[in-house]
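Below: a set of structures, written as structure tokens.
Both complexes below contain subunit A, partnered by subunit B and then by subunit C.
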Partner chain A sequence: METLGTVRRPVRDLRPGDHAWLGYVSQEERRHVVGAFVRDGLLAREKVICLGAGDELVPGVVGPPPETLLTVVPPARLCGGDGAPDPGTAMAALAAEVAAAEALGFRAIRVAADLTWALRGADGLDRLLCCERLLEQTARPSAQVTVVCQFDRAACSPDELAAVGGAHAVLVDPDPEFEDLVLRITRTFRPRGLALSGELDASRHMVLDQALAMVMAGGHGAEIHLDLSGLTFIDLGALNMLAEVAARRAGHALVLDRMPAQLRAVMETVGWSMLPGLRLGVQG
Partner chain B sequence: MGSLEHRAFLYDGTEDFLTGAVPFLRRGLEEDRAVVVVARAVNVAVLQEALDDCRNHIEFYQSEKFYEHPVRTLNQYQYLVQEKSPRRVFALAEPVWHGHEPRQLMEWIRYESLINEVFGDSGASALCPYDRVGLPPAIVEEARRTHPLLLTAGAARRSDRYVPPKAFGAGCDRGLRFDRPPTAEYLPLESDDLHELRAFVGERALAHGLDALAAGNLMTAVNEIAANALQHGTPPMGVWVWPDGDELLCEIGDHGFWRPESGALTGFLPPETALQRGFGLWTVRLLVDLLELRPGWDGTFVRLHVRRNARPGSHGDRKL
Partner chain C sequence: MSEAFSHRVLPYGGVEEFLAGALPFLREGVAAGDRVMAATCLGSEMLLRDALGAAADRVEFVQADTWYAHPSRTLADCLARAEEAAGQGRRLRLLGEPVWTCRAPLEVLEWQRAEALANVALAHTGARLLCPYSARVLPAGVIAGARKTHPETVRGAQAVPNPGYLDPWAYNAACDREPLPPPPEHADGMRIDLVDLYWLRAYVADFARQTTLPEDALQRLLVAVTEVMTNATLHGAPPIHLRLWTEPAALVCEVRDAGDWNGGTGFGLLPPPSDGPGRFGLWAVRLLCSHVQIRTGRGATVVRLRVGLPPVRVTESLTAYPA
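And now, the complex of A and B:
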């Protein structure tokens, strides 16, 4: 869905003027990414405006929402005279909140908008693109506003997702779970797991173990994938650790995807039978 | 599974070879064992002719391709035994004794001794032919020390010179020399973060003619030994790298005294899975051409040898 000219950017690197999007496969992914966006904003005492969130909890908010910082635009305010959500009404409501925040002197304003509703029913795409045009006008020229639009992939057709992608200059990625000069660990959601890049050795086993524990905690025992395409080194202790993690999950394999040739050579020297519970996944 | 029957077959010429080998293999077939022949090309040819009626029931491998690296060969035999289980393996197993440097030759002799330990409970029967006409007498003599059983001139008996593997291995290690040229490049190990060490080793490996895969294997091996030293050793610690003829040598040293429980068998016995102790050192032995361990008065030193013209991934498991 990434069209030419689309930039991928982790949440922490979003900046005012960005009009970004997220196509989530699960509420877990939405909570993870949007949660970080909202939380970072609240911590920096920026204005956060959430749109279309319904009456569920806003991701990233712990405890009672700080009223001056966080505004939730309820679904009722998105609806036109016929009681159905309407782009004009919704965007007017949003524009009013942005203007109010500007008037209060907020240096930065974050908008988190789940727009899946716009695609429902006839003429969904037209309705959505109308919203996006208005959002684009709000965000792009601004030195204050950052917008993250969200879409439930399950509710979108491939064509719709392509159109959504075309309407945004930035695709938002999760922030790394861990990053230093040698190793980066990032959550993945399609499939569920982690992407590793850099080098993994004994001094960083602990952070991988923690990241894996977190993925497993939310996984209901499903398979976990490790995307190793960016990993240039793995030590034998890490193989041992992964086999141990897999053994704890009896029956649910750890799948190693896109393993570089050098790493595979080591695995094959060791022999897969030495590594019960680890499985070679997709290649290349 | 029962105990191993590991017998050296000291023969004189082709006719004598067939007189011992053919009845052994036929007995294996009669007892419905998994019968395997790993022999030099010449012996594979004469056996296939002599066993023409039942050759399809025997797996033949060529020694020249099967015996390339002692620890990998042990590993291959282990796979073979696992693959055939619950059938027991009946193997005619003839290593290659020509064309080795003295150091490698000793590792192959040690390999014969290790068979007793690694396959002690496998229930396998191995007959290891030694050609008394073609082989140096010293090699034949070592066979009496590495095999508990002998077959000579049709007579089966125990070898009274047999030495158990642990003691035999200790004898092999006693002869190790550990001098190091003053030109060896050195990197001190001062941090838990081994990134710099890997870069140091990787760079030298490529500069000294290792291909990317072999350099990566060496990096993995050095990293493992260094991580062990950091965990269990005593400072100062460091790594030396230098070329030596056809080989690149890499030595990891620390000031502690590491005397592993399994003594001279350390890292030679294949673990069942990566979860078992000993997995790391065993893998290091697979990744490099030779690992030498020397605990002594001045510290513990692990020396890794890698051929500079290494053929990547040659595991020699081609079946004939």
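And now, the complex of A and C:
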């Protein structure tokens, strides 16, 4: 999926010429990542073109969509003469929108394209790679166009995902929920939770609390994982806070994944019995 | 459990007196189905095994120097075992011979304090504790002190009340009556006005890395300092001063502020109740450091943390941690 040449970039670091992809595990993940991509574009008064979004609301759009900035290419315009989605038709529709935006003088154009449809049915992968070639030709030489292709992992085989990965130079990551010189908090979706890196103490308990509340709000009571591989310090107050959050979620543990050895040594000195509801997940 | 908690001292002159007190205590426990433990030196263990015969298999022997490694950790271990036994409808019965020789005066004070606090911490578990004190080996002061921290003394087959027994909290307060000696002149120090403790940790880590402190102990110290400093900024009063210095075999870190703690906080001397997450700040600080001293009152609060320094730097602990 991730090839040697793949670069991982959070949404905010995408730049014109990037042809990026996202393999989402849930609509929550798609809304989170694509929503940021669309919202950032609209706020910067850039052109946003959404492809194959169906009838649902475009993620990242609050209130009535600003018509000149946002164009949604409906599924009907992706279909060829036989009524089935067709790469040539779809890419021609997209190219027309890009050209129109360029003519209007937009300095940047964002394309958000859910291409899961292209993989459905016989010869799906060929159809998709044909799309990707056209998108690559649109984005790569451009000083204006950024493309984010999206795929529902549940609808793709491992081979298909590998091929999709090979067709993109950039893998898009979520933007951090919080970031300063000391701490970074990022959403994770496989598994659901947060990745923490840096140092966590009382100065930043509040931001962790907010990020956790947001994860729990969408979680339907499932387990929440905290990836601690990048965390170099955690204070007792934060451990207390996590234990309290776990206690409020009765029965649904907070799982601490990849806890660095020196933090684990601290927890063992303090005693896990002090921290009911917290449990160690995968290591290393 | 029909009978209540007990904590008795067994002062003994020779082997006969030791066995006369310890054997009935252990045999009674084995007969009653108690969880029976003996934390003693190797010599006492051999004596006891010999005298107990087959019953020795039902006594868990642990080495005293391992068991008595750290006052708060020992108290926590003891409490965990006592509560586990109580949960099974049993009782913990511990013959515990604390290690007194080779201890610095500060450490002796902390172990005596732990003896007193055991009366509070373990009372609800119904545990039975018997502490042999050798009159031949130990200074008279240590034995006299034991009569203040143990409600009863074993004399032959009898247990008699100690008239000198002190309320554990009164004993504890007396331990902290002496003012702390001032920090040495050469101590590194800074006034803390910044709220972001990230910089404070960088400062402490820089200082510690010039000593022989291993990385894992440094991490524990940083967690402890952060907790104490968080308390000082939230509940204390400015100005807050941090001081660092080394003593033979110890790194000392002191946090001083101009606030008074109100009484009844317990200073983290007892573990928080295990049923549910409680705030365990100062209790955890004690577990993380070798030794903690707290003085508060008259417009100043001082918390002094000590961590043991090995004579030479151990670098393996660095490579033992995967990145």
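Following the convention adopted for this analysis, the second predicted complex is superposed on the first by the 284 of 284 C-alpha atoms of A that agree within 3 Å, B and C clash if a C-alpha of one lies under 4 Å from a C-alpha of the other, contacts with A are read in each partner's own complex, and residues count from 1 in each chain.
As a working rule, a contact is a pair of C-beta atoms (placed from the backbone, for glycine too) under 8 Å apart; a residue touches a chain by one contact, two chains touch by 3 or more.
Treat the numbers as computed from the prediction; the structure is a model and nothing was measured.
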| item | value |
| --- | --- |
| Superposition on subunit A - do subunit B and subunit C clash or fit | clash |
| Touching partner for A:268 - first (subunit B), second (subunit C), both, neither | first |
| Touching partner for A:136 - first (subunit B), second (subunit C), both, neither | neither |
| Contacts of A:179 with subunit B and subunit C, given as first, second, both or neither | neither |
| Subunit B versus subunit C as contact partner of A:284, first or second or both or neither | second |
| Partner chain(s) touched by A:40 [first = subunit B, second = subunit C, both, neither] | neither |
| Partner chain in contact with A:235 - subunit B first, subunit C second, else both or neither | both |
| Set of subunit A residues, in rising order, touched by both subunit B and subunit C | 182, 199, 201-203, 233-237, 240, 243-244, 247, 261-262, 265-266, 269-271, 273-276 |
| Complex contact set, residues of subunit A against subunit B | 181-182, 199, 201-203, 233-237, 239-240, 243-244, 247, 261-262, 265-266, 268-271, 273-276 |
| Subunit A - residues contacting subunit C, complex | 182, 199, 201-203, 233-237, 240, 243-244, 246-247, 260-263, 265-266, 269-271, 273-277, 284 |
| Parts of subunit B lying in touch with subunit A, wherever the complex brings them together | 75, 79, 82, 192-195, 198, 212-213, 216-217, 219-220, 223-224, 227, 230-231, 271-275, 279-280, 283-284, 286-287, 312-313 |
| Of subunit C, residues touching subunit A in the complex | 76, 80, 195-198, 201, 215-216, 219-220, 222-223, 226-227, 230, 233-234, 271-272, 274, 276-281, 284-285, 287-288, 320-322 |
